[in-house]
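Each of the two complexes below includes chain A, the first together with chain B, the second together with chain C.
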Partner chain A sequence: MTSLPATTEKRLGLVIDLDTCVGCHACAVNCKEWNSGAQASPLSDVDAYGADPSGAWLNRIHTFEVTPADAPAQIVHFPKSCLHCDDAPCVTVCPTGASHKRSEDGIVLVNEDMCIGCGLCAWACPYGAREMDPVENVMKKCTLCVDRIYSETLAQEDRIPACVRTCPSSARHFGDFNDPESNVSVLVAARGGIELMPEMGTKPVNRYLPPRPKTKAAPRPDPARPAASACAATPKAEGFLGWLDAALDRLG
Partner chain B sequence: MNQTSGAQGTADGGIRKTTCYMCACRCGIDVHLKDGKVHYIEGNRDHPINKGVLCAKGSAGIMQHYSPARLRKPLLRTGERGSGEFKEIEWDEALGLATTWLGEVRRTDPRKLAFFTGRDQSQSMTGWWAQQYGTPNYAAHGGFCSVNMAAAGIYTMGGAFWEFGAPDWDRTELFMIFGVAEDHDSNPIKIGLGKLKARGVKVIGVNPVRTGYNAIADEWLGITPGTDGLLILALAHELLRTGRIDVDYLIRYTNAPWLVIDNPDGADHGLFARGEDGTPLVAHRATGEIASSATPGIKPALKGTFGLPDGRQATPVFELLAGKYLDPAYAPAAVAERTGIAADTIIRIATEIAEAAFEREVIVEQPWTDMKGERHARMIGRPVAFHAMRGISAHSNGFQTARALHLLQILVGSIDCPGGFRFKPPYPRPVAGQPRPHGGACADTALAGPHLGYPRGPEDLLLEADGETAQRIDKAFSWDAPLSAHGLMHMVISNAHARDPYGIDVLFLYMANMAWNSSMNSTSVMQMLTDKDESGNYVIPKIIYSDAYSSEMVAFADLILPDTTYLERHDCISLLDRPISEPGAMCDSIRWPVVEPDRDVRGFQSVLLDLGARLKLPGMTDAEGKPVYADYADYMVNHQRKPGIGPLSGWRGTDGSKTGRGEPNPDQLQRYVDNGGFSEAHVPAEALYFKHANRAWSDWAIAQGLQDGPVENIFQLYLEPLRKFQLAARGKIKPAAPEHHQSRIAACFDPLPCWYPPFLEDGLDEDAFPLHAITQRPAAMYHSWGSQNAWLRQIHGENALYVPGAVCDRAGLEDGDWALLTSPSGEIRAPVRRMDAVNGSTVWTWNAIGKRSGAWALDTDAPEATRGFLLNHLIDELLPPKGDGRRWANSDPITGQAAWFDLRVSIRKDPDQSGGESLPRAKPQKNPVGAAPSTVSHGRERAQ
Partner chain C sequence: MHPAVSVIFFTVSSGAGFGLIFLLGLGFPVGGGAGRAFLVSLAGGGLAVAGLLASTFHLGHPERAWRALSQWRSSWLSREGIAAILTLCLFGIYALVWMWTGARPALLGALASLGALVTVFTTAMIYAQLKTVPQWKTPLTPAVYLSFALASGWLLASALGDRAGAETGGIALVLLAWALKAAWWVRAGRTRLSDVGSSPETATGLGFIGRVRLLERPHSGENYLTREMVHVIGRKHARSLRRLALLLGAAVPVAILIVVALTGAPAPVNLLAALSMLLGLLAERWLFFAEAEHAVSLYYGNR
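Let's look at the complex of A and B:
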């Protein structure tokens, strides 16, 4: 059993905007590319060119179809990675201390030198956010790119997780949830950011911004409403070409 | 080996900035090296296209670079065509053989070379090579891609959607996107959508399938395929009916006031009335007096009938236009059933367009002067932006549909204004500034001009003396496809096989998977490539192919010239070709070898120049017969298309101080490298909008070498070249259209945008084939390239057929079942997945996931080959025979664009659910590059 810090100085995490995510997988692939080349062991792929390719990923995009009762079916793309929970069951279940949550910033990490590959943490995580590396036999998970955000060699603007830096539609945001003025706290307040599965009691740090309501079949507008000044007025009784005369008169 | 051990250094080994080639988007990338090897790729923050972001494909480029499918050495076929049996040969032998084959053809009949380059981004160079060689048979892949979009845009307004223009993401108030699924400009569109979402701007997606961009659209119109034109013209109907159009814009920038001759039996009926100098005429609104449309300050009539000085009658375009679209046939209620969009919805969206355009106008406080010399105090914008791509254009009515969308944009005055659609330099470039097509072929002689161009009328067709037979093997610029500005690559193999209009000797292809996913009816195309004549020789005698990877097409070639990966080569993304400009900046870029190849491969463009020198082609050899260019890098710097104009615009002049025009600069490539791989010249503030009519833009474009002088660009709502073809179809002008083309030209070549049903529906038994079938391009896979990618194939390793729930219920299909999908020309077996976020009469799948077993260095039992499938097998390049016994091309009749999305099918559950494999399956091809590794541990060598 490994203990959790009672509080953490910062609570670093992600806000993921489901209203903006187009499901392009950019975050997942750049994450794998960065983290496979990081100080930790690679994120391996087995049967890479064969019948059943699989590999370790720290972030995956899931796609759901939702069919509201009164609107057309819609698709929601749902990127999922470790949520860096305050009450992280993957930490408390770890028999070696490899899985731990940092007191300074709340990031949940795995010390691969101590990981025995027992897989208990993956069983304990209700989100399925941990993956056993098929070659290295150690547990892999999102690090919030801890080797980027504290890097002294990267430019200041690049000290953010790879997934956030690469996201083409700016659907991913990184910051400190303990700071009410941070970009992530402001977004969550403005857009009603939600916890994932709060009933599990894990107190996840990451938040998701829900899709905004879609346009439904709105009532038919009044076709006789006055048209805008810039484009002249409603046609007169003599029809479109009559309207045209009036419009041209206004142009002078 | 510890996640907790802190920051990794990324920069040791250095960062090299070049240009991505994982799709046609061409983003800037920072390639991180470690120990001299490619270690990590991320977006270049300074780059005008992607501004630091990078998509899944771009990040997975590292796996493409290390792909086990990379070709290693030139190959000579040893087995039967299609088998994949080759022997490795040296470059000298390969180039010697190619020179012999190509030299013999050039000495005798250059038409017998068909040189077609697929997803080539060096078309200005490959086209120039083909021109110097002298074959009329050259084009790239636009004919099976989206030429309808390009041609409709150029003919109508001098620019196009594609990647040649962009919405004004920062200012638009309403965005409507038609038929776009991760097509061109993929990262700029995603960046733009992110901006709209952050500003709360409404996005309306029009697409039969609600994935990707359409998934996040605030409103989705799940339109029936092939009916976009009807929806658009119904919106135009509503805007006209309610008087919500920008009349001032129409008078200033379009041919709305031009007079159209009304002379029903004349050879001039429907042409513009012109003055003695050829300038179109208008009528004074107040007096009816006839005057030149170029008269400064004229207030022209938009309606009425006017007598011309010679007694003929004429009517302004606008009256014809209004009459056409106000017709009840275009009323929302009349199109609702066919489009699948409710009339109320169409009416509401027309209102939303009008509200955004006219009640939320955007003003940029920037004075400017128009081409007639009038000074404007500010730039007033109609902030409605549209974008569209293959979904509306890959139909047999795609050209007119794309024209209809431009008509809609122009009616509300939203082209190149603040908040609207914006041209990217070098556009706008209207037909007046475009070449005509060039054909003809003489032994040992270069072609007189560029192959591809924009015909002004039947007089520009490339026909033999009989006025009917096509000069080109693909029949581009013939009566089959008069305005085929990008050629018809998809017809080359079938025409060459049929020896119609003639047989060829050498088929020379570059990076186009024509034996598989880039051809209609792949099975029959493979047969055409392997068919032999009565003497036992292949009907298509010699095939040379260049590619970097072991694709399906490789197996069908006789001689393989192996290309490099995109990180090992020089390239220029040129303003002469398909540049990377943004609306506010003229941009181009390069690729350069950030690492050297570890195989015996050469960049294709360098090989082509080498072949050109061996063949002694003009421009490629000097007076002493020596090569002019050492390689492609040398060409990029020193080639001049006109004095001072070369492939790259940045750092020209002997000291690198000039932009656009200037002498070659020997240090030019280093300057590009130093600047991150690209050049960016900002458009002056006064020239940022209204480029079609802006004096400051014209002056700047001339100074930069984008145009030689002022070019008039009046938006062509009424397209006179189409009217000329209609007159040719009535025998009124020469050359006259052959009789069997006449009715089709009369019906489809409407000078005002029109809608007609997709050709496949003509005579179709709707009950037998009730469903539409289309593909969407996935965001994480580009054509066939991604399957060899260890990471991307974990995302899209197989494809399912997505079937509307109600259709599943009727057919008794459940998730995972195998269905038989039948079209008028074929049948496939595919795994089913139920889906409701799709048009109710449409089934769809991801594009180009299915692979031939043995290709791309995948194991022969890879899911791409066993469960993946292509719709191509259901699509014939010819339509079913009609009453006259002729079979028409399955293409747009105006441009020849392949009508991929006209496909109609029926679906049923396969009575035999036992086998787990898709059908049809081609016999496996032998893999010439060796087995792939079973495990990938990217970074392992660096961690140790």
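Let's look at the complex of A and C:
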């Protein structure tokens, strides 16, 4: 059913720490690997070793440059996958019922056997979290690794999404946002988790932890106005240089 | 947005077809016997069906298209499918009765007309509902789709039917449709993503630090998202396409209608006006898609 549940029992999702993410792409690679092997259909590529490789990914790492008004630019690596929105437009636009949000845990999924590959859900998602599989011709998206988190055969420590399991810098956290005591809720409260594009009204579940403020270096001379301040700071030269300096000063 | 030929053809062709069905259902005068009734009904139904078939080429799994009829509670695309099929069924029966008995059942016709109206409206709402494409998200979008369907349907009807002085109405409808489109264009020019408050800063949530600029895309190659939603090549010839749309879609048809009205040339000459308008609408529809900015482009380096 493509009507959204009014509320969900759990609100499972991810917290992604932009302060510690190093942009290594390991999460995207492990996601691709897991979902190419264990899913209903593999996450396909075309021309993977040719001149124009292309394929479906459920997680992609963008890199942004952020320039404050009064400090040098900083680099922020930005992993992006489905945010499992509370008010998911990708669900309501779907004509077949393939795209749905589960009332038990809030995970947004595509039932691949019902998907006609119309692409409308991808148009409705502001975040670019859905991609058409170039071989299967059905819509693919992050499943929050439903086939891992509820697994009864995997080792306990592996029952988390593949991206979270693999992240070498612990920048990714998985949990229930409905539980105020959960690791994700605590992190969001402590670090001020960010909601992406709130103006789109999608009410995303996933949150991003902002980069911590840079330690500001001691104020440096302003290169644009060297005259007064820079001269005052220049140490006094001695000997011949001191005489030259004084002579030149007198010449103006 | 990527201007998919199948979707462009679908919206233009089925728009004209349902426009014609709308007018026939309301009793647009068509003289002659069963043969003429058949021909005119075939034109309306045929254009609508051709458009719908073209739209299935755009699907990854057309064989499952029937599933699209199930989610009418929430999905405009689903509603469109249902409205189109119901309308075509009603109109099919209407056309059969008309051919068989020579009489045109008014109630059935009115229902088919209503269905045609609803179908074109639902088509437009598929686009007008998307918050991700601010240029589309306006009541002007259904207004433009409906008025173009009506105008192109009227030109076809005036060529195939027998309404004296239909040219005057045709000129009025063509001009009205393009006036609405002009308003749509003006609004679209002022409704970029930045105008509705979306920017790389809100997309990343990093605006509180400073100005945000994409440094590197996730992968070196193109992907589904960049091809489908960050499509910019289609905008290259926007200005000449807009001129072409206005020339073929407005100027030429109006000129032909004026000539026909003044000289009393046979009505079928209006078919040239209709065909020209449809060609112009193909250009207009291309631009509707190609010029639309999608929110995802903010993650791929567009401001």
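We take it that the second predicted complex is superposed on the first by the 217 of 252 C-alpha atoms of A that agree within 3 Å, B and C clash if a C-alpha of one lies under 4 Å from a C-alpha of the other, contacts with A are read in each partner's own complex, and residues count from 1 in each chain.
The rule we apply is simple: contacts are C-beta pairs under 8 Å (C-beta built on N, C-alpha and C of every residue); 3 or more make two chains touch, one makes a residue touch a chain.
Note that the structure is a prediction, hence the values are computed from the model and not measured.
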Touching partner for A:T67 - first (chain B), second (chain C), both, neither: both
First (chain B), second (chain C), both or neither touched by A:P198: second
First, second, both or neither for A:T2, with chain B first and chain C second: second
First (chain B), second (chain C), both or neither touched by A:E181: neither
First (chain B), second (chain C), both or neither touched by A:V76: both
Greater chain A contact set [chain C / chain B]: B
Overlap of the chain B and chain C footprints on chain A, listed as residue numbers: 25, 28, 52-55, 57, 65, 67, 73-76, 211
Chain A partner contacts - residues on chain C that touch it in the complex: 1, 58-62, 64-65, 67-71, 73-78, 81, 126, 129-133, 196-198, 200, 202-206, 208-219, 221-225, 228-229, 294-296, 299-300
Touching residues on chain B, where the partner in the complex is chain A: 1-11, 34, 39-43, 45, 50, 52-60, 62, 68, 182, 186-187, 190-191, 193-195, 197-198, 202, 204, 210-220, 222, 240-248, 251, 285, 299, 302-303, 318-319, 322, 326, 342, 344-345, 347-348, 351, 354-355, 357-359, 361, 779-780, 788, 790-795, 797, 835-838, 857-859, 861-863, 866, 932-940, 942-943
Of all residues in chain A, those that touch chain C in their complex: 1-4, 18, 25, 28, 52-57, 60-69, 71, 73-76, 78, 80, 89, 91-98, 114-120, 122-128, 131-132, 134, 136-138, 194-201, 208, 210-211
Contact set on chain A toward chain B in their complex: 17, 19-26, 28-30, 32-34, 36-55, 57, 65, 67, 72-77, 109-113, 135, 143, 146-148, 150-154, 157, 162, 165-171, 211-212, 214-215, 217-218, 220-221, 223, 227-235, 240-241, 243-244, 247-248, 251-252
